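Here the chain labels run A, B, C and D in written order, and each chain numbers its own residues starting at 1.
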Amino acid sequence: MKKILNNPENYVDEMLEGFVAAHPEFYRMHGDSGKVVTRAKQAKSGKVGIVTGGGSGHLPVFTGYVGEGLLDACAVGEVFASPSAEQMADAIRVADQGAGVLRLYGNYGGDVMNFDMAGELVEFEDINCTTVLLADDVASAPPEEHEKRRGVAGMVYAFKLAGAAAEEGRDLEVVTAVAQKAADACRSIGAALSSCTVPQAGKPTFDIADDEMEMGMGIHGEPGVWRGKLRTADEIADEMMDRLLADMPLASGDRVSILVNSLGATPPEELYILYRIVKQRLDKAGATIVMPLVGRYATSMEMSGVSFTLCKLDDELEALLKAPCDCAFWRVG
Amino acid sequence: MKKILNNPENYVDEMLEGFVAAHPEFYRMHGDSGKVVTRAKQAKSGKVGIVTGGGSGHLPVFTGYVGEGLLDACAVGEVFASPSAEQMADAIRVADQGAGVLRLYGNYGGDVMNFDMAGELVEFEDINCTTVLLADDVASAPPEEHEKRRGVAGMVYAFKLAGAAAEEGRDLEVVTAVAQKAADACRSIGAALSSCTVPQAGKPTFDIADDEMEMGMGIHGEPGVWRGKLRTADEIADEMMDRLLADMPLASGDRVSILVNSLGATPPEELYILYRIVKQRLDKAGATIVMPLVGRYATSMEMSGVSFTLCKLDDELEALLKAPCDCAFWRVG
Amino acid sequence: MTLAKADLIEAIDRVTAAMERDFDELNAADGALGDGDLGVTLTRGMRAISDMKDDLPDDFGMALFQCAQAFTKSSGSSYGTLMATGLMTAAKTLKGQTEFDAAQISNLVAAARDKMQERGKAELGGKTVLDSLDAVAQATAGLDAPDALADAAAQAVDQALDDIRDKPATIGRARIFGEKSIGMDDPGMLAMQRIVKAAAAR
Amino acid sequence: MTLAKADLIEAIDRVTAAMERDFDELNAADGALGDGDLGVTLTRGMRAISDMKDDLPDDFGMALFQCAQAFTKSSGSSYGTLMATGLMTAAKTLKGQTEFDAAQISNLVAAARDKMQERGKAELGGKTVLDSLDAVAQATAGLDAPDALADAAAQAVDQALDDIRDKPATIGRARIFGEKSIGMDDPGMLAMQRIVKAAAAR
């Protein structure tokens, strides 16, 4: 196991300890349930709160995006496991500045069940909650069943766009509508070349030959649409763009942002080789690229592979994308 | 080979094409020799230029650190190979704003020979050049022969500190002195868990068993001080800190910055687990940590492993560290 | 025949041991159809329960409540949350009792199944742990002799796997496999087979 | 006996083929003591030379100058830069000649060795490519018969490896190995053995 760790049982706790120690200007721990991260400087009273939560092992997702113009708090689970309902309730409580809280997270069974339970807990405390689920992974269900799709890197756009709306002082209804619009505007697809290893499992989640890849794989190693011989960067980029554009066709003049994301081990060098084709494809479609993102934004620890997320913008979303934000992993403006 | 690429021969050219396309606000290509990257917006006339150069495969090092408050230009080589003297001469030419140019790069034979040759070329054009070499890897030679050490992630501090001095308008002599002071203030050590693969070689540079690590390895897979069973994060961090502090003892009250750097595949989660111990060790030594850096700052493509760089600050260096800088990978202020 | 705290503690020991034994197997089964953490979830949960077993209250409801909490705190994966939901349901029914009649088992399992269904919104027959619980609830209905109960439950979890194996997964991470999951066991049903058999000492 | 462009082109073909053949071996030798790119450096350089061999000028000096440039442009690794330096030195001597006397070979190699030493600041005996060139320069001194020259050069590069193998590396990435490099061949010397033998058709 090519991992640097102590007792796997303590992986997440020790990680969080180092995380807040390294970035005290951005993050602090909150509450008794453990593993709840909130902004170092609480947002101003009356701002709509945005919370997320999910398993560990995806940094900067989820907790890295707590910050100004982004999230207010995050409940952090064990690796690839949902946080508990209690932690989520604590995250909701600290995020609430009296204007209600949006729960914005990925469409995974464990997270949905626990956020539902958390909602039942905070209802007693009269905290007004809404929910928007990310379900952006086109490989995980056909368009007719898009609400069953997994939530992957589209989250990053949703955090940014909803976060900007909240920071501007919009109310819960508007922030929720923006988040839903952002979630609806995103389509993602991933391709993996190697597995990651869940620390406590101690073995790679799946086996894949040295010359193989899997198209459409999820960020926890969930199955994709085909497995076969590793293709060239251009072929991979073309197929991924084909799949995204088939799901969300672009017309000439459309404005989009695109995230070319490493799942972990894949270095930026390879992302740029892919971006070359991504840009050619979008240019050819007549679309204008706004603020492309190339890097590690939503990962699966040391998995090799990439994902693309296409986010179609209207004027409102474009302005929100360009609005300032600040956290240890992403700064705009 | 778990790499996403087309023809390995075109790896660096395609990478650079995507790189400048993704970040046109920061970078542009310059000159006829190819693979020279400079700032999108040229620095103001009279500013001392700072150039670097080296092999590809280390992003953000080298070319990622071209930017305001950092470098002016970079000559980019093939993976792990020095750029040619002609490219370096082009980088020096575009960096020169009439106040001379500092060549600031790592102590590797190929780079030294080529930067020397480049110097001979631009001498004819009356560009005043100075040189500062990074030789910060304590594992690569004993203190008595410290000038023979390899240059590794200490580069990041040297770019930042010299870059800030140049941006403030100091002259070549002062900028060179600052760079030398920065280089002298840095000590680094790495530990690798797996090899990377040079695209054209197509095979891992070295073999290492799944349960092994190598302490002291260089960023191209150069040998370290021991190879053995993988230890725990705490043991690894302790040994690395022991080695750094033995080479550059700290006294209570000292102010330092520390970079906990992934060599590529190692995810931020593991860096934070290590940072936990790093901070404990520095706290115990009575040192104050200023602006710790945790992330991927100097890599070896998809190598698993980490490096620590300790940078001892005086008032001048601390002010320069906190001065603004901006590039696609690092922003301060 | 009635069951008391000593029986609970023995069952905890057997289930904990079974989960340690099947750690790799359950991770692998979940790795094939999901994210590879089911063994982790169950060993973590059972270790947490095992650690506090000597301090469990005599009140059966309170004891199961604490077991449910152990699952909630140790893991938020789907299975952990569903286990907590099921245990909590039984805890509510048994609150205030220091022992209970084995004849209640069928009803307790059925109630857990229903609450878990409400929480996870899966259908019966959808190839999830619900199908194993449903089989147990049905097979144990009307029984109260310990051996007969244990035999019926153990047989039911085996049978459920056989009955459902050739259906496609419809829920959770496995859903995406669709037709490809035909012929494969649902990891959650496999886990429930091991849990029930260990609890029943079969 | 004199050498002309046709001989150069044949030598280029043989060296190019040898570098393709030894690609993995040279990468591996460099991987063991350095960064694993020596095979890459040499195949890139020789391919670039090979690609332009039909357009090489008849002037030997100009031809070698272009070969040197091919190395400079195709790779900046230490070895590529040193090869370019050595070729450039020979190019300067031979400028204006369309053929040259084989008896000059020893002097040409010695001059290349000296310029490469100036560029790389390594000592003789320091376990680098310089030691191979030094051995060739000495062994070929006074010879001008093609077979005798080829034999002497081929023997010299073998002998140099044997003589130096048990010394420690002192320069470049391999230096750090120190005592551990005793008994291992310097990748650059190994490469020069293959280059010289291929050039000499031995």
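Here, contacts are C-beta pairs under 8 Å (C-beta built on N, C-alpha and C of every residue); 3 or more make two chains touch, one makes a residue touch a chain.
Model, not experiment: these values are computed from the prediction.
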item	value
Centre-of-Cα separation between chain C and chain A, whole angstrom	32
Computed distance of Cα centres, chain D from chain A, in Å	54
Rounded Å distance, chain C centre to chain D centre (Cα mean)	72
Whole-Å separation of chain centres (CA-atom averages), chain A against chain B	30
For chain C, residues that touch 2 or more chains besides their own	none
Per-residue overlap in chain B, given as positions that touch at least 2 other chains	none
Chain-level touch network, classified as line, ring, star, complete or other	line
Touching pairs - complete list by chain label	A-B, A-C, B-D
Residues of chain A touching chain C in the complex	9, 55, 77-87, 108-111, 113-114, 116-117, 140-141, 148, 150, 198, 200-201, 203, 205-206, 218, 220-223
Interfacial residue positions of chain C with respect to chain A in the complex	24, 27, 31-37, 39-41, 44, 72-73, 75-78, 80-82, 85, 119-120, 171-173, 175-177, 180
Chain B partner contacts - residues on chain A that touch it in the complex	1-6, 11, 14-19, 21-23, 56-57, 59-60, 64, 193-194, 210-211, 230, 232-234, 236, 260, 264-276, 279, 292, 294, 296, 299, 301-302, 304, 306, 331
